[in-house]
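Letters A, B, C and D mark the chains in the order given here, with residues in each chain numbered from 1 onward.
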Amino acid sequence: MPVLTIDGQTVEVEKGKTLLDAAKELNIEIPTLCHHWAVPEAGACRICVVEIKAGGRPGLVPACSYPAEDGLVIETYSDRVVQSRRMTLALMINRAPRAGVIMELAEQYQLPSIPLKSPPHSTSDGHTPEDTAEPCDTDLCIMCGLCVRVCREVIGPEATCFSGRGIEREIATPYKQLSDVCIGCGACAFVCPTGAIDPAQFSPNPLASIPHEFNAQLGDRRPIHIPYAQAVPLVPVIDTENCIHFQTDGCGACSKICPANAIDYEIKDREQDLNVGAIVLTGGFDAFDAARKSEYGFGRYPNVLTAMQFERILSASGPTEGHLARPSDHKKPNRIAWIQCVGSRDAACGNTYCSSVCCMYATKEAIVAKEHEADVEATIFYIDLRAFGKGFESFYNRAKEEHSVRYVRSQVSSIKETPAGNNLILRYVAEGNSKGLVEEEFDMVVLSVGLEAQATTAEMAAIAGVNCNQFGFAESQPFLQPLSNREGVFLSGAVSGPKDIPETVMQSSAAAAKVGELLAPVRGTEVKVSEYPPERDVTGEEPRIGVFVCHCGINISSVVNVTEVSEYIRSLPNVVYTEHTIFTCSQDTQERMKEVIKEHNLNRVIVASCTPRTHEPLFQETMRQAGLNKCLFEMADIREQCSWVHKDNPVAATAKAKDLVRGSVGKSRLLEPIQFRKVGVTKAALVVGGGISGMTAALALGKQGFKVCLVEKTGELGGNLRTLKTSMEGYDWQEFLKETIEQVKAQPEIDIVLNSEIDEVTGFVGNFTTKLKGESTAEFKHGVILLATGADEYQPQAFEYGQSDRVVTQRELAAERIDDNYDGKTVVMIQCVGSRDKEHPYCSRVCCGTAVKNALDIKTRHPSANVYILYREIRTYEFKELYYRKARELGVKFIHFPDEAYPNVSGNGSGMLVTVRDTVLDRDIDLKADLVVLSAGIIPNTVSNRRLSEMMKAALNEDNFFMEAHVKLRPVDFANEGIFVCGLAHSPKYTEENVTQALAAAGRAAVILSKEALEVGGVVSHVDPDKCATCLTCVRECIYEAPFVNADGKAEIEEAKCQGCGNCAAACPAEAIQLRTFTDRQERALFMSMLREEVPAGVGPE
Amino acid sequence: MKTKSNIERLLEKGEFVVTSECGPPRGSDAEAVRKKGNLLKGVVDGVNVTDNQTSVVRMSSLSSCIILKEMGFDPIWQLVCRDRNRIAIQSDILGAAALGINNLLCLSGDHQSFGDNPKAKNVYDIDSIQLIYTAKTLRDEGKFLGGDEVKGAPMLFIGAAENPFADPFEIRALRLGKKVKAGAEFIQTQCIYNVEKFSKWMEEVRERGLHEKCAILAGVTPLKSAGMAKYMKKNVPGMDVPDSLIERLSAVPKENQAEEGIKICVEMIQQLKEIEGVRGVHIMAIEWEEKVAEIVKAAGLSPRPSA
Amino acid sequence: MKNEPTIIAFCCHYCAFTAADLAGTMRKQYPTNIRIVRIPCTGKVSENMVLQAFVEGADGVMVAGCEIGSCHFIQGNVRAVKRVAHAKKLLEETGVNPDRLEFYHVAASQGPLFATTSAEFTERIKQLNAGGKASADTTSAETPQETVHDSSRT
Amino acid sequence: MIVAERKLFDDLYAKASKHKKVLLLGCGTCVTVCMAGGEKEVDILDSQLKLASRERGDDFEVTTHTIVRQCDDEFFDEETSRKIAAADAVITLACGVGVQFCSEKYPEKRVYAGVNTVFYGATVEQGLWEERCAGCGECIVDQFAGICPVARCAKSLMNGPCGGSSNGKCEVDKETDCAWALIVKRMKELGTLEELSEITLPKDWSTSRDGGPRRIVHESLRLDEGTKKEG
């Protein structure tokens, strides 16, 4: 291979490389303009000239095209070179006085400032006939011809050329006609060093800008793009609708230049037959098209956005990188208004249901906006603020109190744009009858768009044989949300109606439980088990490290000199093999890696490539296939952490890459194989609570063949549901309850224990032991625990409740038959009794629906009855809104009273008198009532919840309901593994929701129970008993309760409980605890080797 | 047991006793003691001499007592447990008796961390109650703590201090009983501003019959300003200064606050005098000895009877 | 100290490390001085781990973890904040400017923040190396109570 | 347990920098539990000394070692002796007992105390230790409802509380509970408050430190000359 000298340094390059390539190997920078790596060389612009001093014919040659010949001695910055480049630049400036890149170079080469020639020559009078093509912007063009070459050599059509002679010479289409061969690919504009080309000048079909879908149409994207940063798999896709190649059959540039040859235009959509036992529809929803509500000006006024767009604006990875800026002028908006119910609760657009999530997302967006910019004034216009979910009410209160979000209870009738400045004027009726119609100016308006059935749901439902409701959402079965009308087809998430994340996750887990029931007999029959060769024992071996440095196409190698890195690493102690590969993750490299491991008897492998977050498992798999323990593998990320983020600094990036890989070598020497241990699973569940939730969960697990111990503290199954008659939709709950109890009793796997409670629980996930107390004192071994302990109805303390028999709770009303008594009578219902107050700050979720249901019940049987519902907000979400609407239609009177002014109830001989402040009329009104019904909230079983919480280390929230591991993503799990929650013990909910959550808990529990054994170990903490001082620090630190003091009086980690966070290790005063693969020695070796050139000898494996 | 104590004799006669105190100087100038003594001459029945009060080093209490004794006073020698072990204490008691000191006030002593030598090691070999017991044992049993016989028992009138306002309140009367049991014959209390609370304490004292077993001298301290009142309320542990008092002082112009403070003090003495079981007052005019005569006179306690 | 400082960034796998990946995917440029060490949780970083990084030659150490309330291990980042504060005191005792150590909260989605934080911290360390005072507001170290180890209290 | 806290860094640095080679010797028992002198603290001090010597331009070598207990002969094993021999001076992070024991064992070696031994105490909560015992040699805790006035009263009053007890706190430090307030509260709860009307007589301090260095001898446990192991 040729060896040459550049600026005094010697370099060996492959034959066929240019001087520019050779200089790059040495990290010597040479300016280029007409050079692009994808386009064959021309040496046209002469800016890259270097001087041949010896070994060839002395003189100036263009580095980008001159071959790197053996023996050449080159200088890249000699006086002659500088002189020449100055001359070149001076000429270019004269030609292209507005080109920024030229001006920068001129400054760099200290060219005296040259006055602009005047006037810049223009080719037309500003009017161009439609078929005439403009030449490129001659004030920017330096005539390097790169555009011409790319069009000819890479793309192919030869649509552009030089035209004219002498000073007339310019780049244009032949005869300056819009080109009929130009395919509008834009490659010319892409490669142009000075930005002189607008492709629309050449082509009748220029490339249109493609709105960025993930950014909700804000900004644009290319036809080849990665949809979003979290996309799986994280690879580019070609949008065939917009790709020039697919549209014109031309271009194909990507396939020509992709170094991995990954582009295959022939891949077509395929039809495939899958043989499955169950189908789950998870189609999701579409956002309402805000343009349909034309009064809000979306699409016309730039500063009217949808909530989705605003979400992207707030996102760090969004179009403004998280900077709060409005589209019209990119300035920070100070006054932002949210308008709720855009496309929800609106008969005009056909969506009479409530979208359930908009109130909270608007509240969240307002808070986040204020966190971004403290002085933002956030105003939310709403009808009812539906903060019905767990923790929502307190979030809403925080928005009002801590973040001063302003909530205006009013519907905005129209939006106008101000003549200047693109501000927006909102018209709305102010609250209270005195204020009337007002106008208020805002800088930005966010439309809280609702959720609609996905456009494809109808088609999918038809294929699956599933019924849809009037709004196009797939229809759930009575009582059982995850079930469709067709057996074996299940529903999860927003496909069956608008819902928030926790409800979606719950319904999905519930669907999984139902699928589990269906497929239990064939469980595991389709599983393919990977076979691995026996693991080689490397104990006592000197580390023999193999390092694979990846080019990642050009992703790494265009910045980092991978050859140099590879060579350098080869020189480190214990490194016995290195190579650099174009794509280390490719299948053939994996095969090769296996061979290399055998051939060189490697016992450690390092891959220096991309992030371990995505590729570590792949390489570890290869390790296992090569007979090595997967924990003897280490990764250095020289892409995300190096080449991609240090594009402009190849020298330093290469140095850093060396440091990073050296660090991995340092750590790798100390790596040890880690064995995983199998712990058997007791295939049985303990279900605490015999209400509908507990029974549903027990049944779901029993039907899957798992033993269940169902413990109920009273003498009867059924819980709260025994007092409910019908659902809002009119289904008979008692029938359902009866059926469920019968099934539970008939299910042979379920052991029902009545009049008993939990006395003691020991053990951990997969292996619990529980002792009962009460009627039964049995001991029971089980693998999981499900808490379904329910809740109670609040006992009102005011409103003459208990004093007068004319005052009852909704539950008492429902229990009694609504019969003839109500003819012509007046019933007044009061909402939020024992909810959303000081004592019980949360919303009880079900009371609005219950009141509406009971009101409807009365009104349908006794149209002459007067029913009033006194409320603060009506929170009939999703399709329950339809019943609210119906109640209004049937003449149920809804009176809104202020939060701080509850109605007053007094009694007299003939009836009750209810005085309420009506916010619409803005005055007190008196209602004579024959019956007052209090919508009493749901309160937790504080005493028993605390006891169970203590016993099982299952957290409670501030309201004394059980607290799940993650409010959104793990709604039935606890942080402590193997314990699950469902039903009212978790939070107030409707019965059908409790059933869903119970199924979800069963689904999650089945994930554990369906395993023969749990794999424990791996990245877990380990105690060296010789060092342990039994100080209990670890025991106190660990929230998972993994450390315990063993029979020897030393701390020990229960590996099945350990989550591998390493907190205990950091806290241990004796340094007796080490986290496997992250030990102190390993971590120290990692950064020590990163920081130091030389690795001290004698650092051997532990 | 009769001692030569002036106050013991007056108390026996049923007189309402008035005592005051004199803090020794932070130097060796005997004249400084005499100067303070002169201010109190003929005004009070007995003068307490503090023992390195608030742990600040001063001329020794016993030496100052001798100087006052020479001036014709019947000094009340204060002795704290902080600085001496039981050997020094017993030895000093013998010495004091030999020099004609007749009254001993037994105290724990303030913690050294409040004084000018916070790095000092404290002794607390015995506590104040054990000190009372020691003095009584020496005097009445004629025995040293070690059990040996004393040749010539020290005849001292034994007193103790008590803070009726310190926490916990329920132990206060009980603990006073313990002091009496140990041998305290007179009690000088912490300065009183909250007469109501003091009366409550006295009730308990009477319930236990302690007022008959020892003479209780109520402590008072005239306030110089509203600022001083606030400071004491905030910074002196176990000091109960009612807000009404602070308000009363604050309502008066600054230059008249001292006068108002004297007035309050006099009113206080008059109220205290009426409480059953209170047998005298102990006026602690901190660095304001010149006002004692005025207070005594205004309270109608002048002239003092001769013993 | 060198002109080009070397900075060790202990990054939590679940947030800052992911953010660093995202910074890469988004091509957010930041100085080459940052060397990332992946840890499962910032709660794994002991005081001594930080000190040792300095001993081995780091000019600055940043510990980057999840935002309060979103730790994958519930409270590891809360513990880490305290340990870093303690380590700052220990550094100060030795004469090393405690501004050379900092804890940052970077959520997984905050790729750009990771880049800007890295750039700012690098600039701070460069200034310190040049002998300048860092402008960072350091949480002033309270004198520890006789027998209270704040960093070890849960 | 014995509770200690590490000496001020500057003190330790001044001692270490006087020598060429310094061994930091940790103790794996009480001082580990109270986070003053276990392996972690040894390593922290090691790092600190290295950083400070670099900052201050001094040149000395620091090595580290931690043994199970520094108050028992056998734990000073061969490896420990070798490391001590190789150093010019030892900073031990054991309690005062360990420092002395180490000094006695290696009389030729300069041994410095790395921690201040503060008290016998308990871990009240993680990161918070409190004094509970003064080792007075005659336990009287049971007379005072399980609360020791010797160790926990600033004045060791046996007939307390003094007048400085305020809201249950000691006048010396408002963060510290008044031991006597605790005693009174507990005895009131137990219904034994009246027991406090008995005078507690002056304590016999001869069993305490005031009686001179104390020894405890269990003749039955002592080995005969012949059966003693060499070492």
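By definition in this document, contacts are C-beta pairs under 8 Å (C-beta built on N, C-alpha and C of every residue); 3 or more make two chains touch, one makes a residue touch a chain.
These numbers come from a predicted model, not from an experiment.
Chains joined by the most contact pairs: A-C. Put simply, the chain closest to the centre of the protein, by Cα centroids, is C.
Subunit C and subunit D have Cα centroids separated by 34 Å. Taking each chain's centre as the average of its CA atoms, subunit B and subunit C sit 61 Å apart. Here the CA centre of subunit A is 53 Å from the CA centre of subunit D. Inter-chain spacing, taken between the CA centroids of subunit A and subunit C, is 26 Å.
Among all residues of subunit D, those that touch two or more other chains are 35, 40, 43, 126.
Counting partner chains per residue, subunit C shows two or more touched chains at residues 46, 48, 52, 152, 154.
Pairwise chain contacts in this structure: A-C, A-D, B-D, C-D. Those residues of subunit C lying in contact with subunit A across their complex are 4, 6, 8, 13, 17-18, 20-32, 34-41, 43-46, 48-49, 52-53, 56-58, 72-76, 79, 83, 107, 109-113, 115, 152, 154. On subunit C, the positions that touch subunit D within their shared complex are 46-48, 51-52, 54-55, 90-91, 93-96, 145-154. Those residues of subunit D lying in contact with subunit C across their complex are 3, 5, 8-10, 35, 40, 43-44, 47-52, 55-56, 118, 121, 125-130, 175.
Considering their complex, residues 226, 229, 234, 315-317, 321-322, 611-613, 637, 639-642, 644-649, 652-653, 655-656, 659-660, 663, 975, 1019, 1033, 1036-1037, 1039, 1059-1063, 1065-1067, 1075, 1078, 1080, 1083-1084, 1086-1088, 1090-1092 of subunit A touch subunit C. In the complex of the two chains, the subunit B residues touching subunit D come out as 81-82, 86, 108-111, 113-114, 122, 124-130, 133-134, 145, 161-163, 166-168, 170-171, 174-175, 177-178, 181-182, 190, 237-238.
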